[in-house]
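Once you've had a glance at the structure underneath, I'll fire off some questions.
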């Protein structure tokens, strides 16, 4: 692939794919990773070949493999998103007690979740809109308190263009002071004790644009760089 | 000691007003035959503990919609679209627990522990709604949740022997193994032909025979 | 076997065997039973043929079988008393967390333990003499709070003839208000909220002798009978 | 990611002053090769968590007698006849836990729970000695015990693959599976020839590969 071809590929990435590609760069060989439903399911295809990650499913899998091929579904191989799945060589099945033991005990290296709102303190709201339909928190509350690194992977703004990265979440929280990193199509932000640290912006935006689309105060990193997506 | 019985007889043990633990995640590992029979036998005023309540087409989902269930304890109910309205109109009570808290409360009930101490849900609506009680132990704040027990546990297993030893396959295990310890009576619906005592390798057994009271053979 | 032969057999039972034989009559078909070290290990040989019990070992066995034959020992089949054992068809192996889950969760129907002292309130002391050698409680403290029925199987008096069944234990307790039944070579005693109820005495003793060898107050059952040993 | 290493290299990871969980019940399931190497490498000021400390002839027992262990946490020490005198003369500290409390404290440490609530030891010397703290929760009194964690866990497994998935056989499992979750670094000494990733059936695995850091092959 020459440079212009590469450029073409990059340009065709959707917002969600950009986010997935940036998150994928954070994993190390051997990382145990829990990927939430929606956007996070795009991540595996962006993981570099030399890095082997182990996907954890709350309902009892380490080493979730690719979705089952049509006609080859096993009715007892289902992942936490209710998809027929496969299991990788070296993977294992276990019960919910062990599964949440792995989560709460800090054995899951990364959990990647979507967000409705996230704020300066690292509070995350991603399970319930006040007055909205009640669906339950599932395993999200355990994942955000237990995983070693909690990554929010989310579009920068809501569908109507208003900020998701707020001074203070207004929706019911999934977890308080739990988020470590926020990755959007515009920015890579770390949650620090001093506040939100803007470390990278995408090639097609500016610091000012990111600030204008973010309600929360942003600290601009001295060594701010361009997201490699 | 013959533990083999029929779906009808096994379910007839359930009394109106009972608390039931029913295994399964989505519909995987749920004993559909037993749930269907609970509807047929018209058991009433039930409390049901399960991860997600299945879906509106599954026997468990239809049981929850039937009006015969007074309370459900779940971690998620995203497939049961009518449940929130049923809750609002007072037809059913819904208690949501973080999934890891739910399984651990069941384990505490089954294993004689006084409850669960977890960070999950701390400083969230879970705590505000009074589901967890904040305690300060070992220099940290935790949410305390009491154990859960059931009158009857109903689960699906993949293999079993006639003593009640159980094995699960794939993601069928989920809540099923632990729920067996937390039910006063335990009924297992078994997928594969039930073997004789001694035919399952002792190191592979996932629930020990003495814990299981009744075995129902699924059609093979 | 005719009656006189039977009589001969009965007469040759040692004190410990008498106790074991009486305890063995309490088990039902399918009972899950934890048998402590020493005297309780004599019990299995007295269990009626039509009753199949399942022996539980703290280190992770349901269905402990007979001791391994000489030359047939498996170095990974060892029971809670550190004897090479076998496993019965239908038995299972598991870890300590499950094993003590079975104990604490009330899944073990009977636990049979020896006693240094036992008292009117059902307090049991069987693990430590003040000032004596410290060996540790092992699983005994879990067994006495968890098992459905706690049976003390012990000679009626200490080696020097002083009572073991006391008004109040003086040694450090294994458990407080935990004992359900006391079986000695002389008596079968139930622990009730009113106190110790003498329900059976052995054929070769008298109520007065039992009372004289017991420090605790005994309530004599209206239907007191002779122990069938 | 190569987890296979030698006994020497695995043990060299241990630092003076570390807290070690060492698996095994009596001597079954104890990684004798690793314990022997800890003695040889003269690691000092160790705290050791194990069920019973083995016996005076076993590597673990000799390690406890060596003077290099400042504290042991056990449930029983009936084979270590010299231990009580060592305790009296201040050479070592001994903490005794009820066996079921000990395993559950380790599980709490490994599984991110705030501790254990049990009836075991309530109103006994355990409580009087301050090992458990009485709490009143859900209408009952319980003894609370904090979680246990270790810098390094050392256990024996029967089978393993090179990803670290472990299987145990017979009564070898005892504390070994749960201790793997409670150690920051986990070293498994494996009896049978270590297999390739994918050669162990996924339903039979007792400890998941990501939890295990180093594998040592016993002589075969």
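Residue numbering begins at 1 within each chain, and the chains themselves are lettered A, B, C and D in the order written.
The rule is simple: contacts are C-beta pairs under 8 Å (C-beta built on N, C-alpha and C of every residue); 3 or more make two chains touch, one makes a residue touch a chain.
Remember, predicted model here, so these are calculated numbers, not experimental data.
Novice: Work out which chains are contact partners of both subunit B and subunit C.
Specialist: Where subunit B and subunit C share a partner, that partner set is D.
Novice: Hey, which chain ends up farthest from subunit C, C-alpha centres compared?
Specialist: A
Novice: Higher C-beta contact count, A-D or A-B?
Specialist: A-B
Novice: In angstrom, rounded to a whole number, how far apart do the mean CA points of subunit A and subunit D lie?
Specialist: 35
Novice: Can you give the whole-Å distance between the Cα centres of subunit A and subunit B?
Specialist: From the centre of subunit A to the centre of subunit B is 30 Å.
Novice: How big is the gap, in whole Å, between where the Cα atoms of subunit A centre and where those of subunit C centre?
Specialist: 57
Novice: Listing for subunit A: what residues touch at least two other chains?
Specialist: Residues 87, 93-94, 100, 103-104, 145-146 of subunit A touch two or more partner chains.
Novice: Of all the residues in subunit B, which ones touch at least 2 other chains?
Specialist: Correct list: 104, 107, 112-113, 118-119, 168-170, 203.
Novice: Building nodes from the protein chains and edges from chain pairs that touch, which of line, ring, star, complete or other describes the result?
Specialist: other
Novice: Let me know each pair of chains that touch one another.
Specialist: Listed by label, chains in contact pair as A-B, A-D, B-C, B-D, C-D.
Novice: What part of subunit C is in contact with subunit B in the complex they form?
Specialist: 29-30, 32, 52, 54, 62-63, 87-94, 98, 100-107, 145-146
Novice: For the complex, which residues does subunit B have touching subunit C?
Specialist: Those residues of subunit B that touch subunit C are 1, 107, 109-113, 161, 163, 165, 181-182, 197-198, 202-203, 205, 208-211.
Novice: Spell out the part of subunit B that touches subunit D in their complex, as residue ranges.
Specialist: 104, 108, 112-119, 133, 135, 137-138, 140, 142, 144, 146-147, 167-170, 203-204
Novice: How about subunit A: which of its residues touch subunit B in the complex?
Specialist: 57-61, 74-80, 82, 87, 93-97, 100, 103-104, 128, 133-142, 145-146, 172-177
Novice: List the residues on subunit B that touch subunit A in their complex, please.
Specialist: Contact set of subunit B toward subunit A: 25-26, 28-29, 51-52, 74-78, 81, 83-84, 87, 94, 96, 98-101, 103-104, 107, 118-126, 158, 168-178, 206.
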